[in-house]
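By letter and in written order, the chains are A, B and C; residue numbering begins at 1 in each of them.
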């Protein structure tokens, strides 16, 4: 079994099914877009194993706690890895993480975006290690995010393959 | 005539003039920045054919409907193509779309950012087809955007040339 | 002495110490992430020479004036150059700026994000000149940003090295 998937199994983590969209939502773009060695990953949100978006929904600092946000960011990493596996077939093809843009649905005075997005970064480092998993990052506050009453976290990224 | 421009003509679409800025606005950067094969496209907004920014202005979920937002995103695609044509001279030099970052000026509980930015993605796929036009995307809610009473949509992107 | 550092000295500008984080903040990612010739720079904020984050804090259009915002964006350029120097050792290794994403902590109806982020762009062009310093840019309004009562400006970027 591949290296990264073995680690996921050891951690008891399951990659979710493809995102289940509400019937009126149309997404005319590539969830994962490969151009040469570069892999552009569309904004992902936290999902349940069946592919539905995971709550709690709404804004950090109003509807969602930092601890819940951390878990949602960790789930967002699993959503992204599930999409990457569907496209690349093997997550071990990922040679290096480049850039992670962490968007936190934020009430105006919420300032702990980094503590939320750490749920994503911690899992990426745990799975890929400090060389492959190394990424630059921003963690910032959005006015609103899509889906349901608004997913609390959305993350986009770029990775490299061999 | 070039392939993409022929399609634009067939669709009856006109690329706008360069953006007309208010007299107090200074933009000390490159609207389109070519580095090797990579083309970085600065944030663009919807424009009228004369280059002025197009309304309605303000926030989705407060001042602008989803249908209007879709049209504004489509106009933003035309603004971006106009800038790319001025820099590349020929839009057929575009070999692949990479990443599209769709920013929607959003009231706090507006969640239909994807339906708005579809106005951009739909036109890119219609013009460039599924191989060249394929792009990863995020569509998210900003607290505020510049120009006039605030453009309702702003989009940045990266594309590749040969 | 290196070219860029000589210019900084001539301008009387000092690069700040590494960012001093509050004790409860953990940043598990790379401030600067080099992958081949590409350098991904994490979101930076304005810092004082000792590395502490610089105020005024909070939102443009509510807590911070455009003139103050311009200075904060200029300080953010110095923060970023300090991080790049620590990683690259020599700022003259920077061969070209690619993309600058300027995030302004914004009250809902604030629209002068470009005038704020000009503090960053002006300094980059002054130091690197129009060929190396040339960058694509977005300057947009965030609902919230991290650290203290919220830094007023955060900027991420990508540059190329030889």
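To be clear about the criterion, contacts are C-beta pairs under 8 Å (C-beta built on N, C-alpha and C of every residue); 3 or more make two chains touch, one makes a residue touch a chain.
Being a predicted model, the structure only gives us computed values, none of them experimental.
Where the sister copies chain A and chain B meet, the same residue numbers recur on both sides for under half of the interface positions.
The angle of the rotation carrying chain B onto chain C, fitted on C-alpha atoms and rounded to the nearest 5, is 120°.
Note: centroid distance chain A to chain B, computed from Cα atoms, is 25 Å.
In chain A, the residues touching two or more other chains are 101, 108, 142-143.
In the complex of the two chains, the chain B residues touching chain C come out as 24-33, 35, 38, 40-43, 59, 101, 103, 108, 142-150, 154, 156, 158. On the side of chain B, the complex with chain A involves touching residues 61, 96-101, 104, 106-115, 118, 121-122, 125, 134-143, 160.
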